[in-house]
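Across the two complexes that follow, chain A remains constant while its partner is chain B and subsequently chain C.
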Partner chain A sequence: MNPGVRVKTFKIDGLDVAGREDQTVLDVATEHGIPIPTMCHLEGLTSVGACRLCLVEVVGRSRLLPACVTPVEEGMAVVTNSERLQNYRRMLLEMLFVEGNHICAVCVSNGHCELQGLAQTLGVTHVHFPYHYPDRPVDASHSRFVVDHDRCVMCTRCVRVCNEVEGAHTWDVMGNGANVRVVTDLNEAWGRSETCTGCGKCVHVCPTGALFEKGHSVAEMLKKRQFLPYLTAMRRRQ
Partner chain B sequence: MKTVKSAAPSTDNRWRIVDAAMRRLGFQPHALIETLHVTQETFGFLDEDALRYIAATLGVPLSQVYGVATFYRAFTLKPKGAHHTCVVCTGTACHLKGLPEILAALEAELGLSPGGSTPDGKAALMTARCLASCGLAPAAVFDGKMVGNLTSATALKRIRQWVEHES
Partner chain C sequence: MSKARLATIWLDGCSGCHMSFLDMDEHLVTLSEQADLVYSPYVDTKEFPKNVDITLVEGAIGNTEDLEKVRKVRANTRILVSLGDCAVTGNVSSMRNTFGVERVLKHAYEETATLNAQIPKIDIPLLLERARPIHEFVTVDVFVPGCPPDAPTIAYCLDELLAGRTPDMNKYTRFGK
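Then we have the complex of A and B:
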């Protein structure tokens, strides 16, 4: 451990834990095997606190805090799994389901989807909100990849991996409110992008079937993520 | 000192206003929002050429420029599907020389108001703060071409030509 970095001691779900001051609540919880659901967070990318699934309670504070971007503090008492949090997390997932068009039965990622997996783990049995059925496009102009915006949950992992790891910054987020969408370059056909290197990192970090490789049918798209910790480690050595 | 590297999208003099804004801010990526504002005010909308030019000159990724340009309501992208654009100048000189009457005529005759399009969506009407052609007031730009001493009759005629031609 770097001697210049201070250590903070605090509690997670009653357990005494310690973390470096540059760690987040999520980091320390993960180290201690305490599960906190996450979606936009991905080890190796900057955390942005977009999805709010990792919300935790901190005793003495009325606001819920996203564990993935909350730095550890001396003496804090974190609660990761109260009834209230479970309700909020299910509600968030339900909102994601109604906001897009998630039809698992016909999806390339069926069975390997993080959204589907979270819904199962957190016990989303039915959806209490009306479905929006938004009109969202599919772009299959790239020779190897497809983006189906119906299945996008706006986690922005693709945007971050493209910018932070590949260095191309082909993806970004356009619009605001209910009209947000990930775009390539000037919202042009992906296949005509001048900046895309075709590396496929975005496809493999995508938690759902929004980004996938051509040539896969229902349930066949397996995402391979080992490149991310590998590249991070290799670059640190340079 | 950094100078403008990529060539302006056209010989339109208004690009000098955009260039001056970028130069004033040292061609830094953080000049993006200000540059978009100046471009919007000067041209009345942001089209693909403008976004590409600004991205290249400030060294900002295309998708980021697009993200910023679509996030803020202050910016108008060239409407999708609009084959023709008319940008009327709302500067002081143009206002005093009869712009309100022209706008009223477009509204009454074609149902066209600033920010809107003709019913078929083919022609869009937009406004710019000053087209830097005050001597020609009232001025408007029809599909990139500056037209001075505009009257309601000439404005109507030009837009009607587009609409009829397209149908």
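Then we have the complex of A and C:
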């Protein structure tokens, strides 16, 4: 540890824990084996607090805070799994399901999808909101990859890995509200992108079947993420 | 104790959930000792009976007939079980929803037909604008996601309900399983 870094002591779910001042609540919880559900967060990428699934309570604060971007503080008391949080997390997942078109049974990522997995872990057997059935495009213009916007949950992992790790910044975000979506270049067809290197990192960090490799049928798309911790560790060493 | 009255019904789905029910194999014998199947595609009853204890509903609500049926089921059932992803989420049945009824019918019966292309209009129920999950129309008591939920999942659900308990379906199944 760098001698200049200070250590903060605090509590998570009543357990005494300690973390470096540059760590987040999620970092320290993970180190202590305390599970906090996440989706947009991915080790090796900058955290953005987009999905809100990691919301936690901090005693004395009326607002809920996303654990992935909340720095640790001396003496804070964090609650990670109250009934209120569980209700909000289920509600968030349900909103993700109704906002897109998630037909798990015919999805390339069936059985390997983080959205589907979280629904089961957090106890979502059905959604309480009416489904939107939005008309969203599928772009299969790339020679090796497809983006199916029906399945996109706007976690922006693809945007971040393309910018921060590959350095291409092919992906970005366009529009807002219900019309928000990820785009390649300036909303060009992916196959015509001049910046895409074809590395496939975006495909493999995508938590759902929104990004996948061509040639995979239902449940066949396994995402391989080993490259990310490896690359970040190697770069840190340089 | 008298036997429970069990029913199953098939709406806008592929019958895969009903196939899965049959996959319970020898457990069907055990079930038959505890429940009578009073209405189902498996039996010949024409009218949905009164005073049903448990009804398993497969499929989404896709047309006017589905809607009439599910309302009748609800009115005569103590515990209504949404069986499978079509009933629970709309699933594959709902994949037509983004296109609109007119385009879907045109594509299926005119553009892709090779003989006597025409949209059927006589003696068939009208498609609703969107196929939707059952609980958007009637109150559902138990949700069993899965496409289809496998036989052990259905067996667990029915065993728990027949024993007077509420099944925890998340341990057994999920969307798409």
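To be clear about the criterion, the second predicted complex is superposed on the first by the 238 of 238 C-alpha atoms of A that agree within 3 Å, B and C clash if a C-alpha of one lies under 4 Å from a C-alpha of the other, contacts with A are read in each partner's own complex, and residues count from 1 in each chain.
The criterion applied here is as follows: a contact is a pair of C-beta atoms (placed from the backbone, for glycine too) under 8 Å apart; a residue touches a chain by one contact, two chains touch by 3 or more.
Keep in mind that this is a model prediction, so the values were computed, not measured.
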Chain B versus chain C as contact partner of A:Asn101, first or second or both or neither: second
Partner chain in contact with A:Gly123 - chain B first, chain C second, else both or neither: second
First, second, both or neither for A:Thr170, with chain B first and chain C second: first
First, second, both or neither for A:Glu83, with chain B first and chain C second: neither
Touching partner for A:Asp185 - first (chain B), second (chain C), both, neither: first
First (chain B), second (chain C), both or neither touched by A:Pro134: second
A:Asp16 touches, of chain B and chain C: first, second, both or neither? neither
Partner chain in contact with A:Gly111 - chain B first, chain C second, else both or neither: second
Intersection of the chain A residues that touch chain B with those that touch chain C: none
Residues on chain A engaged by chain B in the complex (per definition of touch): 159, 163, 169-176, 183-187, 194-195
Complex interface listing, chain A residues touching chain C: 97, 101-107, 110-111, 113, 116-117, 119-120, 123, 125-127, 130-131, 133-136
Contact set on chain C toward chain A in their complex: 82, 85, 88-92, 94-95, 97-98, 130, 132-133, 135-136, 140, 143-145, 147, 169-170, 174-177
In the complex with chain A, residue positions of chain B that touch it: 48, 51-52, 61-67, 70-71
